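Structure, as structure tokens:
Read from first to last, the chains carry the letters A, B, C and D; within each, the first residue is number 1.
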Amino acid sequence: MARVRLFGPAREAAGTAVDELPGDAVGELLDAACSRYGPRFTLVLERSAVWVNGEPAGRDAPVCAGDEVAVLPPVSGG
Amino acid sequence: MARVRLFGPAREAAGTAVDELPGDAVGELLDAACSRYGPRFTLVLERSAVWVNGEPAGRDAPVCAGDEVAVLPPVSGG
Amino acid sequence: MTDGALPVADALEWAVLPSCGAVVTFCGTVRDHSEGRDGVTSLEYECYPEHATERLAAVAGSARSRWPGTGRVALLHRVGELSLGEVSVVVVVSAPHRAEAFEAARHCIDTLKATVPIWKREHWSGGSDWARCAHDLLGTTDVP
Amino acid sequence: MTDGALPVADALEWAVLPSCGAVVTFCGTVRDHSEGRDGVTSLEYECYPEHATERLAAVAGSARSRWPGTGRVALLHRVGELSLGEVSVVVVVSAPHRAEAFEAARHCIDTLKATVPIWKREHWSGGSDWARCAHDLLGTTDVP
């Protein structure tokens, strides 16, 4: 299980800011997130960047216990 | 006689910041200034703008008593 | 990154160096309107706290590598709730000459907006929602 | 135009408007070197007092006519003797968006330097003389 962090619109759509989700790769973990949070989250995810431990990661990137996977929708700082 | 104001390098070369000089046109007045202040002033004047009462004026512009003629070397504000 | 008022004047004073003749400061302030939304009354910012500060530092580093003459670079961003007129972001850049100070400051705020994990929620007369003018999150070196 | 310290923070605060999301500030500070002159210790500014303020106002007007969305424009210049690190000039421009605030502020300082009757004398390790980087005095509308 990896730790998942959700921000902004992704946090709102998921209804939580932090979670634990199963999966050995980023893609598996995101699929588990979509099942758990539903279609509104899936839509947000499509436009989001995903980081593992602070670095951008694709669906194939491996995920280990203790990793932190973050879902980062389009940003609006400034 | 018009009032003459001298600034920056022109003031330094003339040795005065304000003077009264004769002349019915800007050119005459500036010639009188060059005679009075000498060649170092003449050199500064060549690179300077001349205003009458706050507006740029050429050598032919008339000058009346009460007018203020200013010699403005290249500026360096900021 | 802080949830308190941003110390604009202190940042500006800190940026003054004997070798630098120019200090350019950008402040972003809470505006009463945004894209299609009138009567904005407040904003709420959240960030990814474990990585926002390092991303701000990367923005400063990017400016320094592009304008090596840069003196000091300060980047401050506020989180939490902000009311109308409050300062949400401050960029301060000092440099020997004004051209590089202006360019580096502009680069910093543009890059900050595209690369630092921060999200803004707008509260306006018609309700509240996430900002429409959001950018896909880029890496610091991906910004042109 | 003033011979006292320039109120940078006050000017910045004054420029914040509900309709404006961006405030760009330029401060010119006394630098320890200039063209071919090291060890600059102080500057002395003089102006044509009867016309410098109106020329500053014309610079602000020029920025407003080019960037009609501009909110507030403040232009402050100090005269007299200034030591290292002191602020000689302040430009503050607020606008709804950052692009116009940056452009208008840059236009203001460029135009100020070319059109306002101010002269700078430099005191450095090798003596004292008028600044080398001087511009022929232009009219406000002559600046590109």
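Please note the rule applied: a residue touches a chain if its C-beta (ideal position, glycine included) is under 8 Å from a C-beta of that chain, and two chains touch if they have at least 3 such contacts.
Just so we're clear, the structure is a prediction, and the values are computed from it rather than from any experiment.
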**Request:** Would you mind checking the shortest number of contact hops between chain B and chain C?
**Result:** 2
**Fill in**
Per the C-alpha means, the centres of chain A and chain C lie apart by a whole-Å value of 26
**Fill in**
Between chain A and chain D, the Cα-mean centres are separated in Å by 49
**Message:** I need the residues of chain B touching at least two other chains; which ones are they?
**Reply:** none
**Complete:** Residues of chain C that touch two or more other chains sit at 28, 109
**Each pair of chains that touches, named by its two labels** = A-C, B-D, C-D
**Message:** Looking at the complex, which residues from chain D come into contact with chain C?
**Reply:** 8-9, 12, 16-33, 84-85, 87, 94, 96, 98, 101-102, 105-106, 109
**Request:** Could you please specify the touching residues of chain C with respect to chain A in the complex?
**Result:** 28, 45-48, 50-51, 54, 77, 88-89, 109, 112-121, 130-131, 133-137, 139
**Request:** Show which residues of chain A lie in contact with chain C when the two form their complex.
**Result:** 5, 7-9, 11-12, 47-49, 51, 54, 56, 70, 72-78
